[in-house]
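So, here's a batch of structures to check.
Two complexes, one shared chain (subunit A), two partners (subunit B, subunit C).
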Partner chain A sequence: MFAALKHIVLLLGGFVVLAPFAVMLSYSLKSPAEIERGTGGFFGAQAPMVDEMCVARSQPDRAALDAARAASPDLTDDAILSRLDTDRREACSMRPVVFNYTKAFTEAPLMRYLLNGLIVTLSIFVIQVVVALPAAYALAKLRFWGRDAAFALVLFCLLIPVNAVALPLYLGLAKLGLTNSYAALVIPWTISAFGIFLMRQFFMGVPDDLVDAARMDGMGEFAIVWRVMLPTAIPALIAFAIFSITAHWNDYFWPRIVITGDRDLFTPPLGLREFQAGADGSLYGPMMATATIIVIPLIAAFLLAQRKFIEGIALSGMK
Partner chain B sequence: MATVTLRGIRKAYKDTEILRGINLDIAEGEFVSLVGPSGCGKSTLLRIIAGLEGPTAGEVLLDGVSVSGTRAADRNLSMVFQSYALYPHLTVAENIAVPLRMRRLNRWQRLPLVGGFMGGAAARSIAADVQSAAEMLEIGPLLDRRPGEMSGGQRQRVALARALVRQPAAFLLDEPLSNLDAKLRAHTRTEITELHRKLGATFIYVTHDQVEAMTMSDRIAVMMGGQILQCDTPARIYADPCDLRVAEFVGSPRINVIPAEADSAGRIAIPGCTLPLRHGCRAALRLALRPEALFLTAHDPKLRGEVVHVENMGHEFVIQIAVAGLPSRLVLRTAMPAAIGQAVGIGFDPAQALIFDAEGRRCRDVAVTQGVAA
Partner chain C sequence: MTRSGHGGTALLLGAPALALMMAILILPILAAVILSFTDYSLGASDIRWVGFENYAKIFGNSTYEKMLIATGTYVAVVVPASIGLGLGAALLIQSVTRGAAFYKSVYFLPVMATLLAMTIVWQMMLHPTIGVVNRSLLAVCGVLPDGACPAEMPLWLGDRNYAIWVTCFIGVWQGFGFNMVLYLAGLSGVSRELYGAAEIDGARSAWERFRLVTWPALRPTTVFVLITTSVRAFQTFDTVEVLFSPGGGPSKSVYLMMFAIYEKGIVQNLVGIGAAITVLFLMSVMALTVLQRRIAERKAY
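What follows is the complex of A and B.
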């Protein structure tokens, strides 16, 4: 009885979490008319639709008209015009799913945004690791004056919300003239208190003998970090990677603040805004297609890393 | 190969003193065991020799040269850990190669991927040395495995191979057998002793198991409370201990301790009889007798008691006897079985008795006086 109740609660929770994704995916497949009227089920009818903007863009010019007259001299101009019109509408008609996904790439430089997202998240993660691993190693395995105080500061930093320090960070970057650059997107996140904390907890569980053996074998302290601690900490590192990459790939707040004009520096979430201001207000389909494209890399990465990720969490929780 | 000399080593953490002035000279090629109960400071001492910890006072000399300021990595010592401490992400061959790679290759040659193209002759010599170390310990077929895929005994061998591959000045072994099961432990004991003979290197071996110390060492240093109580050959440690704690620690079953007293004439008496032994002056004493020094006898026994427990060891019986007036049971070894509940008489040769004073120090001014009636 209790087990059944538990599952019902879990199912409800799962539904609440998954519903927005289902809506996103469904909208990305449907035509504007279906989205507006709420018809077509999950996949939409996929009836060919006409892209009015495409039609408007390809008004026939005089040369095309002359060519059409020459090809069929027995028709009146009206008939020719209407036939050209039909041809155009036919050329501009496509299935909604194709419309949405091509629109996602043509309306905004989505590939560029994805590339920016990749550069920014990977740079952040790599630098975070370069900083966090030696720091965590020192906090977990070395004895030095003030170690406990340093660790207490790390814990304290975990409590500071990003938004609280956003303004001073922005001002600092602005004074350095770094706004509207990759540096502005990356630098504030390079020292991750969470990363230091997570890796420190994991390193606490690595036996001291292993570190001592490495010292006897002739390794210096940095060599121990990269050659011994890093390989043993892969599960924890993957767990951290998931947290870090998800957070910064999806971040809207910070890029919105420091990237003020240059569209070439937009990250994927900023790219989504391109569809919001549409005057006709009917670009939900492409917008949702963009959103789908943005979350796919994350979902793929998570599924690939899932087993290791859960292992990592379990390990760091055990010790 | 090197001599190891310890001069007045002290170590204190905050207020607790772990080591209280250790002096020890270890000759070249000697096998010395540091043995003692847990918490006696033996592992700390080994770590100080290794350079993994610094002493509060005193110094370590290798070949007569102080290594106080030298990093562990530069002391050219090898250490085998209780937990083996193999690198879990490397294969056996890579594990054994690590100490050589760190010494013979430069920074660039050690880089992953690209380093492989730059090693050249050095890399080939490393591979050859790894191979010969693996052959010496008969782990050739395991070279491609990872530590996680091996048994404890196999990991132990890999740890030994990693220690000996770079031919260090001395080997430090920190309870290397305590994670093995009893059968494998006896086997590996022999192997390590043979390895020592083959290499002729200096071995410093830490253990809490007196059997390991007795069977393997040239000399045993018995440690207790941060001090070396006695450092001597196994035979002398066993037969001629200078401290009651040493006598009690070494030997299984434990040595029998009987309270005794020297009267004003210096004659030594135990509850029930006076012994033909003479001590310098009047004092409370303790008499210690190895289980094999006691025998069952009906003729003129020195002590009488009742058999309370019998252990059949196959080749002998270990008999526990409760004697009225003694605080603990006496244990003796005999070839003859005895029945539980049986009243027996116990005899011993007074010359075999070890006499200790009230503080546990050995009294050597004891003379056997013939003809004094019991």
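What follows is the complex of A and C.
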């Protein structure tokens, strides 16, 4: 009885949490009329619909007209025209789900946006690791003058959300003429105090003997960072990757600021936002298809590797 | 440790991180502080020192007063709500025998999803006439006796009495799953023996056990969750930009600080004001974080 109540509460919560996902997916399958009237159930009737823009684009030219006349000389011009018109509408008719998902890619350069998202997200992650790992190693395993001060600086930087200093960063990039470039999308995120902190905490647990043995073998400090420390830090690295990649694939604030107008540099969220801004009601379906395409990679990754994700998040909380 | 002097190596290894921390985090703070005392705008040839004028504007002008109220309301609602729901969900999920993994993944989905995209979906759902929310409410009202429902359905985003709460709701919807995961990790660390001991000491009811054992044991988790949730709440931008751009909602009721920095400092190129808001923003976030950490350290045992 009590257990049943718990499940009811959890299911109700789940219903609210999932509602927007269901609406997004459902709208991405339906025709404009079904969305507007709220009919068609979850999947829509999938009755073929005519893409008016496709019809308008494929007006027959004189050559096509002449060819049609030659093919059926017994018909009047009007009859030929109306038959061509029917053919065209037929060629331009498709199921709503096909319409929505093709439109998502043709109405805007979505493929380009996705590629940009991938480039930016991966560049940020790789640079963050390249910068943070050696610093974390130095803080955890080397003795030097000013180490405590350096670590205090990291802790202080942990308090500063990069978004909070967006305005001066933007001004700086603008002065350097870097706005509207990949560099502008990546540079502000190259340093992650969180990454340094997480790795440093992790390295503190790695036995000194391991480092000393590597030094005995004649390894240099750089080699130790990448060939000895890096492999031990894989769990922390995965946790950090989850944070970093999720944050930057989904980020909208920063691209909004530094990319103005140049569609070739849009990241997925920015592309979706522009889509929405320009959409009249008839493009709700394609817009939701775009949203689905953008949301799905991370959701899929999460569902496939749930344990890793949840452990990663929990790991960061423990430190 | 074998050697004690690694100064040179450490400097070499740490130099990129150090330089970037300075250039990307520390210097911009200094720049923001300085710019907040000027009337600078991007592209202008001259720059004038205006003293505290920008700050006076923020505390004297009703627009910025609304910004402070909106931000305060948002943080004050979203932080406790998403912590409470995160903890509640974690406790429930931990106590059920079946379906725990399922609920866990469902509640975590919004954390992974692109907030911008989901905000656009919420916007469509909350559309006054063709949105799913009002359609469902109407359907429910159809079977209720007359007078049980108001004559008109809420406008939601267009109504100043609803706009900020709807925005808070989306914030909670998106963030509580993250807290749930952290609390689940925290709960798995609470030792079973403590509960047995508490029971012997007379803690019979579930509430007593929670109050005497679970809640104190979760203290470190709570502090961490409190800090991350507050900092995130302060930074809310995507929802406001999608739902209430330009302007910040009906009578500026959802004019959150992050959005104000963007609109004033970048879109309208009023850098001085934008910088002053930036400074206030930084001070709030840092003060809050330090305060919460202090509390955690003082009461830790």
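Here is the rule we use: the second predicted complex is superposed on the first by the 275 of 319 C-alpha atoms of A that agree within 3 Å, B and C clash if a C-alpha of one lies under 4 Å from a C-alpha of the other, contacts with A are read in each partner's own complex, and residues count from 1 in each chain.
Simple rule for what comes next: a contact is a pair of C-beta atoms (placed from the backbone, for glycine too) under 8 Å apart; a residue touches a chain by one contact, two chains touch by 3 or more.
Everything quoted here is computed from the prediction, not taken from an experiment.
Participant: With both structures placed on chain A, which of the two partners, subunit B or subunit C, ends up touching more residues of subunit A?
Facilitator: Of subunit B and subunit C, C contacts more residues of subunit A.
Participant: Identify the partner contact of A:172: answer first if only subunit B is touched, second if only subunit C is, both if each is, neither if none is.
Facilitator: A:172 sits against subunit C, while subunit B stays out of touch.
Participant: Name the contact category of A:212: first (subunit B only), second (subunit C only), both, or neither.
Facilitator: Once the two structures are laid over each other on A, A:212 reaches both partners.
Participant: For A:164, using the defined touch cut-off, is the partner it touches subunit B, subunit C, both, or neither? Pick first, second, both or neither.
Facilitator: The second partner, subunit C, only.
Participant: Under the contact definition given at the top, report the residues of subunit A touching subunit B in one complex and subunit C in the other.
Facilitator: 212, 215
Participant: Note which residues of subunit A are touching subunit B in the complex, please.
Facilitator: Residues 207, 209-210, 212-220, 223, 228, 231-232, 234 of subunit A touch subunit B in their complex.
Participant: Considering only the defined contacts, which subunit C positions touch subunit A in the complex?
Facilitator: Residues in contact with subunit A: 1-7, 9-14, 16-18, 20-21, 24-29, 31-32, 35, 42, 85, 89, 92-93, 95-97, 99, 101, 103-118, 120-122, 124-125, 130, 132, 135, 173, 177-178, 181-182, 184-186, 221, 224-225, 231, 234-235, 237-238, 241-242, 258, 261-262, 265-266, 271, 274-275, 278, 281-282, 285-286, 289-290.
Participant: Please name which positions on subunit B make contact with subunit A in the complex.
Facilitator: 47, 50, 52, 71-74, 77-79, 81-90, 98-99, 102-103, 162
Participant: Touching residues of subunit A toward subunit C in the complex: what are they?
Facilitator: Within the complex, subunit A contacts subunit C at residues 3, 6-7, 9-10, 13-14, 16-21, 23-24, 27, 35-36, 38, 130-132, 134-135, 137-139, 142-145, 147, 150, 153-154, 157, 159-172, 174, 187-188, 190-191, 193, 196, 208, 212, 215, 221-222, 225, 246, 249-250, 252-253, 256-257, 268-269, 272-273, 276, 284, 287-288, 291, 294-295, 298-299, 302-303, 306, 309-310, 313-314, 317-318.
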